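The structures come next, written out as structure tokens.
Shared between the two complexes below is chain A, which has chain B as its partner in the first and chain C in the second.
This part shows the complex of A and B:
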């Protein structure tokens, strides 16, 4: 086993373990902070997959933005709401969670199926890309390519996402407005 | 194996530097504040009070380690560590001189921008973990402030990146002096590729970057929770904000993080706008000052001097300007800095297309 493999297993263990704690923990705040560890483990996995740009983006967006906002929402909500959440019968394995378990199990089946059927070592599109020389070496800066592709080939999805974000922004502004004045 | 040993040595060296800088920073802060307020500052401990900082450190180490009874112990203990590590990790990607950089990654700037945001999380952790209303108020203020000011800072950085066309800090540094591979034009008209010096710094390559630099500098003050944006630890209202409950070594760690952050943001400002490790002296005809003062050792000296000068300005501002109110803070960020930063970004695009 070489170093990259050892690192991969460490990262995978950190990611999965912390995700499990996020799901099981009764303390909501600790769950949120544990989620931070999960996201970091995921970023580490991206780095191991030589996708450093994705890894850093993951940290900027999830850790710097979304996680802090979740914490914000958490700390701004009243104590009674939080107590109600903490009080509820929160056994991890119980009959009430049956549907969730079935759903999760089905997802697992689908994912395992995908992993085994896909034959990741011999994907056709990877093969053709290798044959036609349509690859970017690891040591070169991939961001220029990402930028060009976003602005040419994937312009429509890119713009669609920006419109979606815009709608969310307008919606948030509308929700936070005081009633009665309008 | 030696390969990995170097990594540890570099990391340790950076940590030692951060510690030394913090000691110097604390001493400078005391002396400068004393000068500005027409006092003497520390005088008793050692000549000119230079032993004051070691004495403070000794005091901190001796202090009792107190964990509040109602605190969330894990979060409380981890918070200062995370705050410090968030800042310390940023140092990995900073270039010190031509070829002297701990980790030359091609998305260095983006990496620093990302890793700094961990500090916010640490601050929120400290605020919640302390289980103290002042702490949590301070933490909330800090997070709101840092998130808001990341936007103008980010756009000011994008303005530079559009001019430089790279995210690698070493390449951005290389472009601003006599070592540049491409043509460098002063204000877009005068070719100064072989003149170098102050004329080829980014702020003079494209004059609107001067505005971007000021925006970045103001935003960086807010991101490192320095006065006039220190409402997260406003001592007149919140005792000491998010670090109210910390004692001894934990407090020292928070302190270390604050000073490292000051240095980090100054370094990033210097690298992006003020010529990084390039000399400020230009070549004047046969007097090739720029060529003479360019080299590995010179680079380290220049970047240190420039970054320390910026830290000096930060200290000066802290003891000159009063603290802003929350609404003033947000007005400044959203109504002045953000539109200006957008304008800078727009001008950068036009400049790159038609002038450079």
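This part shows the complex of A and C:
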């Protein structure tokens, strides 16, 4: 049991625990802020998977962008939301939630079974990667490689994403415009 | 040594929590949070497998693309939620049952 493993378990616990609080909590504001903790825990997991650039991007985009957007939308539609929360004060597993719980639990059983059956540690291409040294080492990150790949091998998806981002920007601005001055 | 299996188990649990939130909650913002959790579970898998692709960086690259796509999705979805709120004065997904009034 080395340090990385302990950190992994701590991060996994933080992530799953805060995600459960998001699922269970009655208070919407609290669940949004626990979602914040989940995203930080996931960034920690990315670091443990030797993907530090993805982790930093996760923090910048999710925590800096998406979470502020969600809070903003929540504040703008606040009153009705709080009323809806107030009448939902029954216990955690009500009849409506029971079906959702059963569905999620069955999904979990199936997926855990699949993970154990698939035996991902012995996949052929993973083994080949381990033998040929195609594994990202712990002591150096591949940020240079990511930059080079982004501009050569993945240039087409990169440009497609940029166009799609602009479309989304225009679309969001169009949707949230006032009705009268069309 | 953290194996791939550990990452996949965490990701499966996260996915199921997201599924539970989507099915159980009635508030549109909470449903959106559930969708984000499921997307993050998928991204975690991409990143975990991406470690074994040092030369092409396939996993990390598509994790980045997925994060950016999630950001675009959220922006549009929140604009739609605000529009729905303006029209119906509620964002309860059970009560929104008309395309036009």
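Of note:
In the analysis below, the second predicted complex is superposed on the first by the 142 of 182 C-alpha atoms of A that agree within 3 Å, B and C clash if a C-alpha of one lies under 4 Å from a C-alpha of the other, contacts with A are read in each partner's own complex, and residues count from 1 in each chain.
Definition applied: a residue touches a chain if its C-beta (ideal position, glycine included) is under 8 Å from a C-beta of that chain, and two chains touch if they have at least 3 such contacts.
All values reported here derive from a predicted model rather than from experimental measurement.
Note on chain A: of its two partners chain C and chain B, the one contacting more of its residues is C.
Touch criterion not met for A:170: it reaches neither chain B nor chain C.
Look at A:115: by the touch rule set out above, it reaches chain C but stays clear of chain B.
In the superposed model, A:155 lies in contact with neither chain B nor chain C.
By the touch criterion defined above, A:36 reaches chain B but does not reach chain C.
Using the contact criterion defined above for the overlaid structures, shared-chain residue A:72 touches chain B and also reaches chain C. Of the two partner chains placed by superposition, only chain C is touched by A:12; chain B is not. Of the two partner chains placed around the shared chain by superposition, chain B and chain C are both touched by A:53. Within chain A, the residues touching chain B in one complex and chain C in the other are 53, 57, 65, 69, 72, 76.
Within the complex formed with chain C, the residues of chain A that make contact are 2, 4-5, 8, 12, 15-16, 19-20, 22-23, 28, 31-32, 35, 38-39, 42, 45-46, 48-51, 53-54, 57-58, 61-62, 65-66, 69-70, 72-74, 76-77, 80-81, 84-85, 88, 96-97, 99-101, 103-105, 107-108, 111-112, 115-116, 120-121, 125-126, 129-130, 133-136, 142, 145-146, 149-150, 153-154, 157, 161, 164-165, 168-169, 171-173, 175-176, 179. Looking at the complex, you find that chain B touches chain A at residues 72, 74-75, 105-107, 110-111, 113-115, 117-118, 120-121, 124-125, 127-128, 136, 140, 143-144, 147, 150, 166-168.
On the chain C side of its complex with chain A, the touching residues are 1-10, 12-21, 23-24, 26-27, 29-30, 32-33, 36-37, 40, 43-44, 47-57, 59-65, 67-76, 78-83, 85-86, 89-92. Residues of chain A touching chain B in their complex: 27, 29-30, 33, 36, 52-53, 56-57, 59-60, 63-65, 67-69, 71-72, 75-76, 141, 143.
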